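Beneath this line is the structure, given in structure tokens, with notes to follow.
By letter and in written order, the chains are A, B and C; residue numbering begins at 1 in each of them.
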């Protein structure tokens, strides 16, 4: 079973994402702020990380850059969730190695299809 | 214990038997002391009670908060194959059980529905809208809009805005020119989204200022809202309300509305320098060659800020008609003008940098330093 | 002689009484004004969605200016938190003011800096800028480092202003902890006021004993040490009550040096920070206001009550004393430089209210107080004291000050409630009782010292020794003098 980490500071959103992905049959761990997320990322390995960009204490970008600079974890797909489609944010995200951007508002079913695809791709690494 | 007794007796006496015999200032002091002590004690009690009540209430509300969150989260994670109406029918009885008569519980539910509606599209949003109406929350929103209190009105308008309650548009339009700035802004923002016939109608009749802050909000809605038909904003560039002109200029700029060119050029003669500056900026962005001579005409009558903007616009147009002028500006006494002129020369993609290098060889040390700066792409 | 002394005692008691009543009356008025201002701000603010400014291309652009002098212990951590603030269009300019330690080298290595051909336009005079640096890494494109010859904080800020390429300037102390939404909140008044806003300031809070991780505030705690705790009370009173009221009257004179957002054009027009005074933050605001009056332009200086910036308060009495001493001298210098404002109707509120208030209550109050104590002791020695009356007068002042602090705590409780633990609230209330006895006399002494130093022409800069937040408590006891 694939393991996914969701980091999102809006509790309500976190719950929806958690329920959705559990329903799809993934093993899900959640973090409601950047610090928690960072601790989890450091001590575990995940098959995919879904993180909001703007979170208290530690932003999604820092989590992304940690994963992508880690020798073992760097193949973990990282999907960034953003309410802000600012050009420089998107560019920064991709330059740091983000696999995809999800803009709020988004379609839940579409998200789960995307996640399925990234996890499948990653099996070959 | 006797010390305290003596003390109490003493204080008692001061405030009773002996009070009339003190000089006025001491008497007033005694009263002030009394006042301070009472006020302080009241505040302590108030703070303590408030904290206690809050902790009790938050414990009770936490139950409903969790309950509603779980319920809604379950509701929106339906399968792609489920029909929205079926989902709503399945969850409606459960939501109906929530004590919605309680204002607090009601607002918790509304807030959560709104949050999900804001963040999700597609069928999820559809299910939420259906459920919202089925619970008659739209009727409550309508009552809020009609409420006399402006804070409640705003709440209602926001709800209507987020849940796309189109039928409320005619109610909301009334407030688009209200004296209360916050209410006005919310109403305008909602009206743009909800009016199907004429979403920009409020611009025709706007007498009140649209503050910069409101322009930010409106701009955000107008540029991000996908279903909106964008009109030609040139229509409002003659408005007597400067803030309307300003907002429309920003929108002409964003949507690159070339059909507004003539009106924008005419605004170069506007008496409000902010509008002139924005007009010049747009002329540059749209590369309106026709406007060059007009800008040159007004150049020397204006402040430094507008001069800088004109230089930049001339650079962007890059017709070559004013390249002599640009080159001559690097001998201005004002360093900012020099720098902007150099940047303007640089903009020309074909010869800009080359030209700067030629000037570099013929000019003094100060200008050389500036040219180096301008050629360095890491800084501006 | 006896008779004369008795008369004198009556007059003296009356004088104390009337003075106290005037001071207390002004406090009551200020409390009411700030209650109105706070209430309207809180109400308005609850409808604001800051996301819109965050994403909007129409939001004003901001340069953060942070001077750094010998900050090698914390500089990387501090810059990192400045780079992660929530705002769209901003840049961070760190001015290395001729540090004698490895501050510059640390930044150079960590951010892989390289020199750029920056042609500095010296619009404001400042010491020579040796070089302007940018990072080679694209993710740090917001960062600019200015390396200059040492000239003090004001001079460093002036250098930063010359390098800034944005519309607004956020001047901050590099070692304070900035809330992520600070720029958003400070920038908003620039977009909404009818009149031109020339400066906005935020509330400074005390970070002692708070939990800080990676340059960010994680948990708010009441300082364990008593002296910072008194300062917490003092800051709440000054910021939530004093400055909010002045903001309401549009007569605000001080934007804290720890954090303020200024209109760059106006700052340049008035010539930037004055580096001959130790009270440069106050002096700049006074000069900017003055300039606007002279230009006959309507304007506002706005205060935001949100806690936007957390700073470490001196826990060591010696350092604290030096800080207060410096503040007093700064006040005197500013008042002296702008003495022609005194009851000058040309300068509106500034001349008719703010300046006189500052003169009488901020500068003269401690002197009057000290003088009163001296006379009292003298009278007591001569045996000419009505102890009961004096005690009642004293109790009045004491009770009033406790009540005022309680009201301030009440404001905090009703608005931001930073101290969520009941224990912390109790500690704060207890501090309100002890403050007039333990802390207040010290502030009077320090203010007097400041006066003495000023008039004896001693220009002691009172350096504050600062440490990294990680081991702040440990170092507090060993903080040494580096003046």
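To be clear about the criterion, a residue touches a chain if its C-beta (ideal position, glycine included) is under 8 Å from a C-beta of that chain, and two chains touch if they have at least 3 such contacts.
All values reported here derive from a predicted model rather than from experimental measurement.
The most distant chain from chain C, with centres taken as the mean of CA atoms, is A. Chain pairs B-C and A-B differ in how many C-beta pairs are in contact, and the one with more is B-C.
For the pair chain A and chain C, the distance between mean C-alpha positions equals 41 Å.
Here the CA centre of chain A is 29 Å from the CA centre of chain B. In chain C, the residues touching two or more other chains are 55. Residue numbers of chain B whose C-beta contacts span two or more other chains: none are found. Residues 10, 13-14, 17-18, 21, 24, 43-44, 47, 49, 52-53, 55-56, 58-59, 116-119, 121, 123, 132, 134, 141, 144, 165, 188, 190-192, 194, 389, 392-393, 395-396, 399-400, 402-403, 406-407, 409-410, 413, 422, 425, 429 of chain C are the ones touching chain B in the complex. Residues 14, 23, 25-26, 28-30, 32-33, 36-37, 39-40, 43-44, 46-47, 50-51, 151, 154, 181-182, 186, 209, 211-213, 215-217, 219-220, 250, 335-336, 339, 366, 369-370, 372-373, 375-376, 378-380 of chain B touch chain C in their complex. Listed in rising order, the residues of chain C touching chain A in the complex are 51, 54-55, 84, 86, 88, 138-139, 180, 213-214, 216, 218.
Those residues of chain B lying in contact with chain A across their complex are 69-70, 72-74, 76-77, 80, 112, 115-116, 118-125.
Remark: chain A residues 35, 54, 56-59, 62, 65, 83-86, 92, 95-96 touch chain C in the complex.
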